[in-house]
Amino acid sequence: MAFPGPTELDSALRLIEDGALVAIPPDYAGVAMAATRALIRRGVRGLRLVCVPQSGLQADMLIGAGTVAEIETAAVTLGEYGLAPRFTAAIRAGTVRIRDATCPAIHAGLQASEKGAPFSAMRGLIGSDLLKVRPDWRVIDNPFGPGDDPVALIPAIRPDVALFHAPMADAHGNVWVGKRRELVTMAHAAADTLVTVERLYDGDLLADETLAAGTLPALYVGHIAVVPEGTWPIRFGTRTTDATHMAEYAEMAATEAGFQRYLARELAR
Amino acid sequence: MAFPGPTELDSALRLIEDGALVAIPPDYAGVAMAATRALIRRGVRGLRLVCVPQSGLQADMLIGAGTVAEIETAAVTLGEYGLAPRFTAAIRAGTVRIRDATCPAIHAGLQASEKGAPFSAMRGLIGSDLLKVRPDWRVIDNPFGPGDDPVALIPAIRPDVALFHAPMADAHGNVWVGKRRELVTMAHAAADTLVTVERLYDGDLLADETLAAGTLPALYVGHIAVVPEGTWPIRFGTRTTDATHMAEYAEMAATEAGFQRYLARELAR
Amino acid sequence: MSVRPEELLIGTVAELIGRVRHVAVGALSPIPAAAALLGARRHDGMRVSILNSRRHSFFTDGGRELFDCAGQGRIDAFFLSGGQIDGAGNVNLVAIGDYDRPKARFSGSFGSAYLYYVVPKVILFRLEHTRRTLVDRVDFISAPGTSPPGTYRPGGPHALVTELCVFQFDKPSGRFALASLHPGVSLDEVRDRTGFAFATPDVVPTTALPTDADLALMRGPVARDLAETYPAFAAEVLGWRAEETVR
Amino acid sequence: MSVRPEELLIGTVAELIGRVRHVAVGALSPIPAAAALLGARRHDGMRVSILNSRRHSFFTDGGRELFDCAGQGRIDAFFLSGGQIDGAGNVNLVAIGDYDRPKARFSGSFGSAYLYYVVPKVILFRLEHTRRTLVDRVDFISAPGTSPPGTYRPGGPHALVTELCVFQFDKPSGRFALASLHPGVSLDEVRDRTGFAFATPDVVPTTALPTDADLALMRGPVARDLAETYPAFAAEVLGWRAEETVR
């Protein structure tokens, strides 16, 4: 269908229903934090997160706010601000299902989906306890080997929605992501994609050969909302992470009560 | 190792030894025709071509010149100029081994190599006679399915060299390929890569976020030679195919003797 | 208005495509490309990807994206041809005779061994209607018309369009059935020139001529869109002259 | 020159990396990053990829490229850490106690369950040297130190560097063996604070101090290179001041 043009954030977020399997990018690739706060404000429930391949504040906040039923990830961490407090608390309490993965397995699962293939083969993993806690992964004997060469198979991961932030989009629905190709794979693999962008590009991103090289075509993009500084407090492009805010988050979110105070304050902004 | 800087074409072509498995792109992605003529002039022998996923004049000339032992491809065609005459003659005569493929299988094989995976799973193919003539492809029962769900496995394709033409490279060895991502996959999958370029870029392609999005990093590039109009007579960018030359080729190459006249003339240029 | 044979075919193929989200067209296919562009003019929001077009190509992930996109279920209609096509919808793009020492060798299977399986509406387009091209049984199956139960096969043949007629693919029987004869073509002629057996309705319709509105679209905006990729066809067949461009 | 503990570690890790084509460094690793940059200063043509650096990152294919690149055999050395590490080189980045109801939960396995298998020289770097971190047997194997014969395993542990000492991984026995004690550290202290058994040479060397030339490199060009990604570390530990930049 023709791209209907950029919409308001809350309207775009209708794409994400309760229980949706949502793919989210790592901190360096454009985390849609404004959209995350709006989702929590709306009261979404039962989300299943796929972190591509890891997450930080975004997953921690979504978990702390009680919106997450399950998370597949290679890691959740606040990086230099320490462990992700609401994530670790939820895992210890057993209130969120964890599907522990490793970075390349998540990429491989999304690439299988991108290709319409049922699974991807992946080296490594043999002898890792990840195989014990991921019964949905399989090990077969490499049919191309001489025998006795175990290789892991990762099933396709098909998110309902990919959600991320990008530098710009045009009026046709094309989104410029630059060299952040995991965003392209996420969008290809997902049934639909919701992007917040810093700004609109005045023209056709696909018409310029240089920009086209870093452009996700509108074909994959369901909704776009213009949200300047949409990753705050997480870094984006040349904008750095809000260190003061992150340190404050780490401190407040160390306890459930502190997190709730943080959340109330942030949602009221 | 540090990139030694652009070299002369003949020197760069030493990378391609007799018997090498060489990956080449389709006509729309930058065919290194000047390099192809230089290779023939040098008298290379026993090449095994992997067309990504198909070829035209390039494969036909290499075959006609007797440089090719084997070709894996989804197709060889001169497009609007007709069937590829030297290719079809060689296949009928049995002088070149053909590994008939289908486009996505070649992409899948290269992507497996790119990931260091032993194989890729691929839908389609079941019931195609390609499976009969490609005993190196396997069919297994999808381990994630309910049973009785056959799926083809394509083994990794690891070329010795990827050979193509690109718009520009910088002095560090980075190559701008734009949205021609098959070139990136070819280079990732191959042990080494040889690129001819229209021109040198004065600066660092990775330092500019917009250009970086379409850049193959020097890490994968063994040799670069500056060869303006290096795809002639095949189109490149906004330069169109030399229709007169192609029509002439199709006519001359229809016979072995005519092809040899063509070749002698072109190599003497 | 008088209708050229190509215009009849463009209209017919556009009808076969119908209203879909996304139709893709491969190389060297001016009539399917024109039909897809006509469809897009008729159906708001319909997306057309023409390979090797600069203006009608949405792909930025290299040559694999067409296939990945189809594998994701994002391509609803596509076109294939064949050196041989048989009544069961099998397509041969490889060789005639023994594979190892063929009598004739074609270009190769291209993407058929994948796209034929995953694109819901594959329209076979082969103008040459002879017992050489439309055979009882292809010598090499690049891609089969049908697959056994259990095989992953969301896609497959929808119709076969030739210079003489339109066959619809009948899924229950797994065979082509005659759907319409182009104006002036007799059933006997089609039987005579077809190498495979096919079912025939009691009354065989004549392939519908394009409406005046469709002809106007073809010769106007469709021709203009097409001229980027197929300038000769747009000019010679559809009468397009660039200087008339107004938009 | 007086040598800071971090400088000792940087020099030690640079020695362990040795002369390779390409060393990659993950996030939150200033000492390994400095060691890699030192190596690049000493060995002409050595390539250093520092994740999240803008100047020292060569990747343009998204987050998967590091792993793909390693899988292609294009990364010779990498660093891992662990919430727990045991004497057999097993690494635990997941949890302490029962997996389903852990006593402690770490961030997760990151790329360890792949990179540990395919990168030839993986250097484990964990400053905290206690029986809590260096254990007899990890509670969860994110990635194992060794694999049974037949398993595809071109990579694996090369050494383990802590605040007290260096262990080299001994492939035949599949165990860490003490290689050197940092200056001022006793063997008894290491035994006391290590949860796993390890072989010890008859005479245990002292970890070599960096040469004056290396120190000059660290405090000069290496600090400058490092400052882009780790400005605080470059300034506070290596004394780097941006205004001194001349280049």
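By written order: A, B, C and D. Residues from 1 in each chain.
The rule is simple: contacts are C-beta pairs under 8 Å (C-beta built on N, C-alpha and C of every residue); 3 or more make two chains touch, one makes a residue touch a chain.
Everything numeric here is computed off the predicted structure, so don't read it as measured data.
*Asks:* Show which chains lie in contact with chain C and also with chain D.
*Replies:* A, B
*Asks:* Using each chain's Cα centroid, which is most distant from the centroid of chain A?
*Replies:* Farthest by centroid: C.
*Asks:* From the mean C-alpha coordinate of chain B to that of chain D, what's the distance rounded to whole Å?
*Replies:* Each chain's C-alpha centroid was found; their separation is 40 Å.
*Asks:* How big is the gap, in whole Å, between where the Cα atoms of chain B centre and where those of chain C centre?
*Replies:* It comes to 28 Å between the two C-alpha centres.
*Asks:* How big is the gap, in whole Å, between where the Cα atoms of chain A centre and where those of chain B centre?
*Replies:* Taking the average C-alpha coordinate of chain A and of chain B, the gap between them is 35 Å.
*Asks:* Residues of chain A that contact two or more other chains, please.
*Replies:* Answer for chain A, listing residues that touch two or more other chains: 104, 111, 115-118, 122-123, 149, 151, 179, 184, 212-213, 215.
*Asks:* For chain C, give me the residues that contact two or more of the other chains.
*Replies:* Those would be 59-61, 64, 67-68, 71, 118, 152.
*Asks:* What are all the touching pairs of chains?
*Replies:* Listed by label, chains in contact pair as A-B, A-C, A-D, B-C, B-D.
*Asks:* Please name which positions on chain D make contact with chain B in the complex.
*Replies:* 21-22, 44-45, 47, 58-61, 64, 67-74, 118, 152
*Asks:* Quick one: which bits of chain B touch chain D in the complex? Just the residue numbers, please.
*Replies:* 1-2, 113-118, 184, 188-189, 206, 212-213, 215-220
*Asks:* Provide the residue numbers of chain D that touch chain A in the complex, in ascending order.
*Replies:* It is residues 27-28, 52, 59-65, 67-68, 71, 93-95, 99-118, 140-144, 147-148, 150-152 of chain D that touch chain A.
*Asks:* Once bound in the complex, which stretches of chain A touch chain B?
*Replies:* Per the touch definition, chain A meets chain B at residues 104, 108, 111-112, 115-123, 136, 138, 140, 142-145, 149, 151, 153, 155, 177-179, 209-215, 237.
*Asks:* Where on chain B is chain C touching in the complex?
*Replies:* Spelled out, the residues of chain B in touch with chain C are 26, 28-29, 52-54, 73-77, 79-80, 83-84, 87-88, 91-92, 94, 100-105, 107, 111, 122-130, 133, 148-151, 179-185.
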